[in-house]
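My questions will all concern the structure given below.
All chains are identified by letter, namely A, B, C and D, in their written order; residue positions are counted from 1 within each chain.
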Amino acid sequence: MNIFTRLQTIDRRVLYLLIALVITVPLLVRPGRHPRVKFNEVRNAYKTISNVPKDKLVIISITWGPGTTAENGPQTEVMMRHLFQRGVKFAVVSWDQAGNELSYEIGKKLEKEMGKKYGVDWVHLGYRVYYPQVVFRGMAQNFQKVMEYDKFHTPLSKLPAVSGVKTSKDIGAVIEITPSGTLELWIAYFNGPYRIPLIYCPTAVMAAEAYPYIDSGQINGMLNGVIGAAQYEALIGMQNAKTDAAATSWALSAAHIFIILLIVVGNLGYLATKRAARGGNGGGR
Amino acid sequence: MGESTVYANIAVYVVEGLLVFFIVYKIISARRGRQLFIRRIPGLSALDEAVGRATEMGRPMLFTPGLSGLSIIGLQAMAIMSHIVKRAAKYGTRVIVPTADPLLYTVAEEVAKDAYNAEGVPEQFNPEDIRYLSDNQFAWASGVVGTLHREKVATAFYFGYYAAESLILTENGQMVGAIQIAGTPTTTQIPFFLASCDYTIIGDEYYAASAYLSREPTLLGSLVGQDYGKLTMIALIIVGAIAVTLGALYPDWTVVHWMQSHFLKYFQRGVG
Amino acid sequence: MGQSLHHIWTWLAMPRHGLALAVFIIGALGIGALFLGILCSVPARFRKGIVMAVTFIGGLYLSLEFLVPYKNVHTGKYPLTEVMPTVANLEIVIGCFALLLGIWNLFQIHGKTLMKFGKDWYNSAIFFLTFFSIAILGFLRDKGVHGTPEMFSILFSGFLLSLQSTTFSLIAFYIVSAAYRAFRIRSAEAGFMMVAATIIMLALVPVGALLTAWLPETGFLSAFRLERIGYWILTSPNMAAQRAIAFGVAVGALATGLRIWLSLERGSFFDRQL
Amino acid sequence: MVTWIAKNAPAITIWCAALSTFAIYSVLYAENRFYRFFEHIFIGLATGYGVYATWAQILGPKWWDPMVKQGQWYWAFAAVVGSMFYFMYSRKHAWISRVIFGLFMGLAAGGMFREFYELYFPQIGSSMKPIAGHGMSVWDSLNVVVFYVILLACMSYFFFSFDHKNAATKKTAAAGRWFLMIGFGAIFGATVMGRMTLFIGRFNFLINDWGPQVKIAWATLPFKIVIGLAVVWLIVALIRRTKPPKAKIAIEE
């Protein structure tokens, strides 16, 4: 067994241990420095939110659950923070059962930190089932009738933040924060027909697929995974805050370098053994 | 908010009408018995090869429809499964089918039974081999992983809807040294199948594969109709590209103005 | 005639209370049961037709609403769009009843294991225990019973959230071992994919920008900074490739929709005797 | 008991979460009973919570309350229609569930015309890019050409009713497959980031939330004893594993 074959057969448990180490270090050090590069779609998201009139409501749509908290959580937090900063009212609606509680907690935390008031500055509409076609169109026609009550079953008419919202004309933007394919339905049934700006915050897996929509202007801005959240944080004046998103972006750097090294090592071993096999009796696949 | 943006306009009638016409026309003519041509999909010849290999090794095969529910994707996976089960029945090789959807599970059972009957070996059908594991994504995935290892699977087929668990499955499939063939319309999972499977049927090829294997006239016709639909879209884009290029170079031409007001404007989206 | 029909309608739609309400609800359920009973006795040869008709009507609503918007000249409104909120509420409520479908299978599987005291029966026992305790605690919490909010949050945040996110995060490890073991450049295609992936991986994280920080920020050479190359790949070749896939999906979705709507689909499932 | 739990809930929650995290990660070493057990806790909780949330957030306020509290008795019909789903479990009357499935499938399908229009018309439009024009540099033009080449090549790969015997179509389609690889590479690169983030999220929890709790607990003697016993047990378990295993049913992942 030469060095190359050995390189090809490192026990996977060793790899798991190594990646854990590689990731832990930046998390323990917690660098506050945010990424200097900001992608265009992140800047456009910032511009769009900055231009929402203060008398309009922003809808934050939560489709994520605990599985992707690490990616969608920071996105939710940074978007809420910006809206609080600007004093634009927003309503959170969750199409995921657990995301319902998680997004409420994030809102609660920021509310305390920034001195805002539930019901006046923001509301949480709770968990709704995902049957979006007619639901979205219905919401655009008659927001009060389809949404009716908030998370605590309080009628919307008693919540100042949303009591005046009647139709799509009172909605300034939609922020869709999601790990699954829900984008098309917003475009087709809400943002498209009524020309409402859409900010898309997908997990990184799905971001590559969204560029055609950015090119066509159907998405007005996008936060690509947690990196997008970190870039956005830098835009709203948190360049040096020691946030999770910032720490994560450095941990990711380390992990990416490690994985690229692994791909290289694995392929070196592969090429070497292939050459050896060709010299020998062939075989293998 | 103009009305034309909320409801259909003339361009919708023309373009969508054309697409609907092509699709429905081709489906009907295929069902009337007209022979339609579908090109061979490269990965498909590998299917039979893979069945052969499992037979040689005397080990079972695994077929999973992924997380597909009772939807078009899931049902087309069933069409592919039916083909594989028939081949397997011919050689007397076992096929294990773990499913993640309670509804699709009942369909899978029927389809497998039919396939064994069609090959004249109904006694080979073993209901234990069609399994419902869990509708929880990862619970299902770990069940499939267990099956891969315990049954020493020689060949694994992954056809249907897959999400994040795709890599867990193929990674373990590689560990047991199985030949792996995958096909999925879920774009985000294709890279993982490409990297870890021996053959991967990508994107729309998935639908073509099931049409090709099942020889179902409706599917074949629909596929051919879709090709014409795509050609229509390409034609639109080329005409549009010429129009906008002319518009950029010679903004004063009358033709340019006419194109703008009778053609291009239907495809532009007002921002915000 | 129209007048009296309208009267009956308003009388029926009036809110009821107390005993009247109970009578009306039971009456409605009775009528519903009768309706289901009739459905049960429909001869087999009509069944397929009924399913086809219902599917067609379901699809007709949204199609008509978009394609042939009928406008009421008196009110200037679109009736089909106006009823959208009501249809939405109906669809939400009825759809909710379907959510319990999968639970039946789980109950069967675990119930069987538990009854037989089979292998790993304790796993089935804990399934039932956790199932009922979180559901009951949830309702008690909403009623404000002392101590329940905390107990609920232990089950919810302590177990459910943490289990789900940890299970999900397992893929991180698998992607490491897979990157190392599976991602071999077996062909030119695989190589192409790997190169694109590597550049994007570097471009997305801050370290990528640091690696080529020595290149100028403006001018011709700036185009070769890693984050620029990566971003260009994302927004140009990737965008075009993704759009090509999307166009295929677009026509495919239209075809699928048509086949379902018009009940044109054939195959093992659709051909089965109902 | 209840009061004690209520008082210490935050700490208990964190400890339970840490325990769950380790239970799941233990599968990375090898499949084991501990993992299996927690997996069932997971499924039970997820299903149970689903029932609760569906009722508390939707059926309660949108169906039960209007029907019972506001006297809108006709909502009872919704239950009748909803019950049709459950006929799928009857062998004899399974077709009734097909009616309601048909209705929902039809409703979803009916959106196809609008979806095609809203989603893809703007995309067709933005694919009509000028190749040349005032204010466009050579690079801009080149970029547009790249766009067209890739778009058309990739689309041609997905044509199925044309034979690829013709050299030109064959080459175009082959090129299309290559270009598609760039798109898949992009997805792959981004996915690594996504997956790692999830793992980082768990680590963040262990370091930031659980870490301080461990520090507090470490001060007490019983905790030290428990930890000591756990370490001994773990070592024994690992040593036993290296011996030739008995007939094992557990999955070797």
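One rule holds for everything that comes next: a residue touches a chain if its C-beta (ideal position, glycine included) is under 8 Å from a C-beta of that chain, and two chains touch if they have at least 3 such contacts.
Predicted model only: the values in this text are computed from it and were never measured.
Steps from subunit A to subunit B, minimised over paths through touching chains, total 1.
Distance between Cα centroids is largest for the pairing of subunit D with B. Mean C-alpha positions place subunit B and subunit D at a centre distance of 20 Å. Taking each chain's centre as the average of its CA atoms, subunit A and subunit D sit 14 Å apart. Listed for subunit A are residues 16, 19, 67-70, 98, 128-129, 133-134, 192-193, 204-205, 208-209, 212, 215-218, 224-225, 227, 252, 256, 259, each touching two or more other chains.
Shared interface positions of subunit C, defined as residues touching 2 or more other chains, are 62, 66-67, 81, 89, 91-92, 95-96, 99, 101-102, 104, 106, 156, 160-162, 164-165, 167-173, 175, 177, 179, 181, 183, 189-190, 193-194, 197-198, 200-201, 204-205, 234, 238-239, 242-243, 245-248, 250, 254, 256, 258, 260. Residue positions of subunit B with contacts to 2 or more other chains are 6, 8, 12, 16, 19, 70, 103, 134, 138, 164, 187-188, 191-192, 194-195, 203-204, 230, 233, 269.
If the chains shown are joined wherever they touch, the resulting network links each chain directly to all the rest. Those residues of subunit A whose C-beta lies close enough to touch subunit B in the complex are 48, 168-169, 192-197, 205-206, 209, 216-218, 220, 285. Residue ranges on subunit B touching subunit C, taken from their complex, read 3, 6-8, 12-13, 16, 19-20, 23-24, 27, 31, 70, 72, 75, 78-79, 82, 102-103, 107, 110-111, 114, 132, 134-135, 138, 164-165, 167-168, 170-171, 174, 185, 187, 191-192, 194-196, 203-204, 207, 214, 216-219, 222, 225-226, 229-230, 233. Residue ranges on subunit B touching subunit D, taken from their complex, read 8, 11-12, 15-16, 19, 36-39, 41, 70, 103, 106, 134, 136, 138-139, 142, 145-146, 149-150, 164, 172, 187-188, 190-192, 194-195, 202-205, 208, 223-224, 227, 230, 233-234, 236-237, 240-241, 243-245, 247-249, 264, 266-269. Within the complex formed with subunit A, the subunit C residues making contact are 62, 81-82, 84-89, 91-92, 95-96, 99, 156, 160-162, 164-165, 167-169, 172-173, 175-177, 179-181, 183-185, 194, 198, 200-202, 204-209, 227, 231, 234-235, 238-239, 242-243, 246. On subunit D, the positions that touch subunit B within their shared complex are 27, 31, 39, 42-43, 46, 88, 101, 113, 116-117, 121-122, 124-134, 136, 148, 151-152, 155, 158-164, 180-181, 183-185, 187-188, 191, 195, 251-253.
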